[in-house]
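Labels for the chains are A, B, C, D and E, by order of writing; each one numbers its residues from 1.
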Amino acid sequence: MSLLKVVGLDKSYHSNFRVLTDINFEVDTGEFVSIIGPSGAGKSTLLRCINRMVEVNEGKILFGDLDVGNLSKKALRKLRTNIGMIFQHYNLVPRLTVIENVLHGRFGYKTTLQGILGKFTEKEKEHAFFLLEKLGISDHAYKRCDQLSGGQQQRVGIARALIQEPKLVLCDEPIASLDPNSSKVIMDHLKAITSELNITCLVNLHQVDVAINYSDRIIGLNQGEIVFDGPSQMLTEGRINSIYGTETRQLITV
Amino acid sequence: MSLLKVVGLDKSYHSNFRVLTDINFEVDTGEFVSIIGPSGAGKSTLLRCINRMVEVNEGKILFGDLDVGNLSKKALRKLRTNIGMIFQHYNLVPRLTVIENVLHGRFGYKTTLQGILGKFTEKEKEHAFFLLEKLGISDHAYKRCDQLSGGQQQRVGIARALIQEPKLVLCDEPIASLDPNSSKVIMDHLKAITSELNITCLVNLHQVDVAINYSDRIIGLNQGEIVFDGPSQMLTEGRINSIYGTETRQLITV
Amino acid sequence: MEVANIRRKRDGRITIKAGSKAEALMVSTLMILAVLTMIGFLLFDYSGLELKKAISETGNNLKTMFLEPALTHFSWGEAIYQVGITVGLAFLATVLGAVISIFLALFAATNLSNEWVSKVIRIFVAVIRAVPTVLWVLIFAIAAGLGSEAAIIGMLFHSIAYLVKAYSEVFEEVDEGTLEALRATGSNWWHIVMHGVIPSTLTYLMSWTFLRFEINFSVAVAMGAAAGAGGIGFELFMASGFYFDLREVGMITYAILVVAIILEIISTRLKNRYFPSQ
Amino acid sequence: ACSEGSAGADGKEEADDVIDIVWYPNESGSDMKSSRDEIGKIIEEKTDKKVEHHLTTDYAIAIETLVNNNADLAFMGAQGYVEANQKNDAIQPLAVPTGPSGTLDDAVYHSWLAVNVDDQENYKEDGEYAFDTIEDKKMSFVSNSSTSGFKVPSASIIDHFSSKEVYADLAEEDLMEGGELFSQVLFGNSHQGSAVNLLSGNADVAAFCDTCVENYVEVAEGEENKQGSVYKVKEDAAEPFNKVTGSEFTLISVTPVLNAPFVANKDVIGQEDFDKLQALFTSDEVANNEQIFVPEESGESGLFFKTDKERFSEVEDSWFDPIRELSN
Amino acid sequence: MNDIMIRKRKWQFTIFLIIMIAATYASSIITDFNALHGITTFPAALYWIFSNMLISQETLTRLPSILDKLLETIFMSIAATTTAAVISMFLGLMGSTTTRVNRAFSSLARFTASISRNLPVVAWALILLLSFGQNSLTGYLALFVGSIGFLTRVFIETIDEASQSSVEALRATGATYFQIVNKAVIPQCLPLLISWILFMIETNIRSATLVGILTGTGIGYTFDLYYKSMNYNVVALVTFSIVITVIIIELLSNYIRKVIL
């Protein structure tokens, strides 16, 4: 059985404009899937539908055997703890320490009161340190997040997602604000998550070449419709053009 | 005679730490020179010394036959009109229109009163439009700058520098915040300036490959000292390592 | 795997706070304020207070004021005219204050001015702001006689003090890069101010000015009356201090509220129309 | 004004043909408007100058305006006059409304100290009302710039207590700040307010004047303006007395206070106009003007009432000496 | 077309200027304001200040009672501000688009703030004075109401600005509303909130003069007493002590601001 199944998904923010139209795909455990497409194609919206940060208009999203659209408030929280999310701008709480930000990933397992008091078990804290160590930023554990570089902050974001012990990680342009060096580090980590921890990754990307290099499979979106879905080797120049429209990207000659 | 001559330049912001040490080089009219080097090497500082945005501690900077360090306030303004500057973050006045921002480049030629009233001649306005047309953004002339994409804003920055009718253009990482597509457009424009208008360009860059591709000559800085100065073909892999230190840049495999 | 860098408390549990100075200061500030508040409540002089009666009476009074408003001592036409005077006083104090403040603020902003000039202006402004408005009004009533001049100049002092502080902070937030770019074109100080600083801060300047206008309106209610410049505040004073007519006070309060809310709406509209932020 | 060019600092040019009159809050109410306007009108007719009325809610500003040569005329309490005159001796009384006799002999009103009827026994010593009993009580005055609501009663209180050792250097400031003598000092900000402070129980003892509350109260027992008399709030009394209708209070002290004068700043108005106006005010014509001296039975409100032979009378500065002595 | 736009903008600006000038003129007429007369009085005003506002030896004897009242005012301002801040925090959370529970509460919170900000303090003081009498609590309440209005407004703005992105991130981890508020919103906004609270304390001490005059409490009351008896020497001393207090508090809060922001 597939981990995630999207069936006939339609989404519009305003009644007169449809952002996603009839999206269908399945993702298996441990897959690394990139979603590419021009700006405004609906990539971010698609990710947000999956953990119901926005409500779906039509169609179904099945996570394991759960129908995401039909969950009670409590079950939805439960679902979200099973799905980690990583953002382009990291979305950390800037004034808190790295370790505090990582531990925020545990809230889904807490009662409101525990969460408010900020009670975390020793085991959770140790796990957090373990993750930071693995991501190579345990040196900065007690620094405030706004004192870190972009690449370091993104790794905190990853740690926060991983400490949720998710089955699926959604990444919305995780490297768009990073320099090439840090980008490589982050992509390598994401890749490692899928291969070592067997967690599924769904990544929105702008960099076609990165997508081809890292992912098993690529989904191409254009104007809210899937125009390509297949293994990354199959993404030919012509298909790239059909995803991004005819104006071919004039990449700088590097 | 060379256009710009830097002799024995020393610069420190705080007495205990020297940012630039004994910098010597000459640049001829129409040259396209890139300055590369790791973060903190002093690239930005070097550019700022040339039009005296910061004061020099030791040494001389000669622009034509002017000693930059010895100019009166008025002569300094005059000098600056002769030197255009282009910035990484464009540094436009966000709420003003494109054309207004371009015309700011003419203030150096105005009296205080003319400047305050914002009086520009028809000829100046026509010139501004001509430049926008050439840079391919005349469509946006009446838009507010904050409504433009990064690449478009950078072209406004170039137009602002060009309308000064400068002999020298200083560019501080002009493409660092741009996507590859826009980067190419901007670098092509800068190249065109030197070849078509015979204006000298001094460009700080992080992208070694871009530097090699576009410039006649490259200056490599490391910890405030020139460690390489020569034609771009001569920049071998080994020399790149000596500029950036031994930790070779792990560029993402694109 | 035992991980380096873990900090533990004495009982062996892992800390997650940075323990920075800022954090400690924030916590202690809040604690101190809480303690001072409690001391305050203990120290207050409660003489003559019967809380239960007071609260029910307040309720009654509010009811009389707001549910049975009426004008007895003057007419509606008069009321509108008087409100007009109050708005006029506030408007003049704000406009004059804004114009003067812009210039002072340019010299008070550290990124546009010399350190010493800036310091002198700041101290001057802080002192002016600490002197009660009514004293300024008195001083100018003595010098200029009763009338709008005393009220407006009295309010002007505080408007300037407030706006200079607000404006100069806005100016200081102008992107240093923008200023640098203009400097690099050979622009002089006035060019930079007129075409770089002012345009990029206009929305904020407007917000602060409108906020001050609202404040000045409520100050003008009290000060217009004291300075003999009239306005709705005079009627309010008479209704409350001499006729003890709560219904009239209610009506005047309504009139003031309506005007204040209209002003707020107009200022938001104006701001959005002429100085849109996007 | 300014006809002799001696007007002070401001050099207001049009001041020459404008007469500025300053009114206290007490006389600034809209019910006094017809009287104010009438006085303005007759002054305009007499002097051919324009009259401007200035209404203020602030006593200090009113006095200072006159003192600093920014106004010509004011109608102010005797205490206010004394202070103004002390700061600037160009300020002189123009005229004072007389009592019913038409002479200065009864040109007085009364400052009361009152207590609630039910408590009146507490304020007696050996069957006589005595000041000693008000020690440590909650006291309500009108405002510290009021003649009859503060200056006069506080002077008598201080006079009484300073003979005792503990209170030897009791000063006016001590009374207004509360503390020492009283357990609390309230200010009603108007005579009505002070009276209501008493009747509503916020204060034990209150100072206020007879004329200021005469519309609201009537004698219930004893004679007008006599110590020990009891007054009762009328059943149809207007606000702020409407919540305490029917309550009664007893006077434990009654002190006559000199009537409030119209005063002029001679430097500003000039001797010529001063004389003109003095003649005008004291004329029979004014005395019989029903807008200014409103017949009592008419039910209208106004600045002054006519019960018998009331009129304005000329007055010497020295007439105010009794008040002046209180301040020292 | 573009040319039309820029002309339209110029037009609008001209209209705006004309409106402002017309409004200024109309205001001068209705209030009978003569700017020239106003300006020429400055020397006289200065002269008056320097000849009357003198602190003499004798006035210093009044210092203890002044300091007493000053202390009362400081406590009053702090108490009013902190308690108002607690209420405003709730209203702010309700009112902000990031953290609101629903639209209706949000409008309600904004409306409450707007009313309490715009109700004239004169009217409030009167109502409170009538029923609470002349004591510290009255002054406290008058300041309290005004503080709620102002603080709620700035709290809403602060919360709106600071927290959008991390709130989204925490929502995505499955955190509950209170966890989000407590761990994402408050830590981020706290320095700014504290900064506003300090600013409000300063403002309240300053406006305690007016409120004191109206409600007969604190240093404002003392000011009023001496001012009314025209004892300007003591008025000068009172003013001076307010100035010193406000400046000390301003310096203190500037220091705190500098460390925490």
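One rule holds for everything that comes next: contacts are C-beta pairs under 8 Å (C-beta built on N, C-alpha and C of every residue); 3 or more make two chains touch, one makes a residue touch a chain.
To keep track of the chains, here are their UniProt names: A, B = Phosphonate transport system ATP-binding protein; C, E = Phosphonate transport system permease protein.
Everything quoted here is computed from the prediction, not taken from an experiment.
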{"item": "Identity of the chain that, by mean CA position, is farthest from chain A", "value": "D"}
{"item": "Interface with the most contact pairs, given as the two chains involved", "value": "C-E"}
{"item": "Most remote chain, CA-based centroid, reference being chain B", "value": "D"}
{"item": "Approximate Å spacing (C-alpha centroids) for the pair chain A, chain C", "value": "45"}
{"item": "Centroid spacing, where centroids are CA-atom means, of chain B and chain D in whole angstrom", "value": "80"}
{"item": "Between chain D and chain E, centroid-to-centroid distance (C-alpha), Å", "value": "37"}
{"item": "Contacts with two or more other chains, residues of chain E listed in rising order", "value": "37, 41, 44, 48, 133-134, 190-191, 227"}
{"item": "Multi-chain contact sites of chain C, meaning residues that touch two or more partners", "value": "47-48, 134, 138, 142-144, 147, 233, 237, 241"}
{"item": "Chain A, residues touching no fewer than two other chains", "value": "100, 118"}
{"item": "Chain D to chain E touching residues, read off their complex", "value": "9-12, 59-60, 63-64, 68, 83, 143-145, 172-173, 176-177, 179, 184, 186-187, 202"}
{"item": "Residues of chain E defined as touching chain C within the complex", "value": "12-13, 16, 20, 23-24, 26-28, 30-35, 37-38, 41-42, 44-45, 48-49, 72, 75-76, 78-79, 81-83, 114-115, 117-123, 126-128, 130-137, 140, 190-191, 194, 197-198, 206, 209-210, 213, 220, 223, 227, 235, 239, 242-243, 245-247, 250, 256, 259-260"}
{"item": "List of chain E residues in touch with chain D within their complex", "value": "37, 40-41, 43-44, 47-48, 62, 65, 133-134, 216, 222, 225, 227-230"}
{"item": "Complex interface listing, chain E residues touching chain A", "value": "165-166, 168-176, 178-179, 182-184, 187-188, 190-191"}
{"item": "Residues of chain A touching chain C in the complex", "value": "97, 99-100, 103, 118, 120, 122, 125-126, 129-130, 132-133, 138-139, 141-144"}
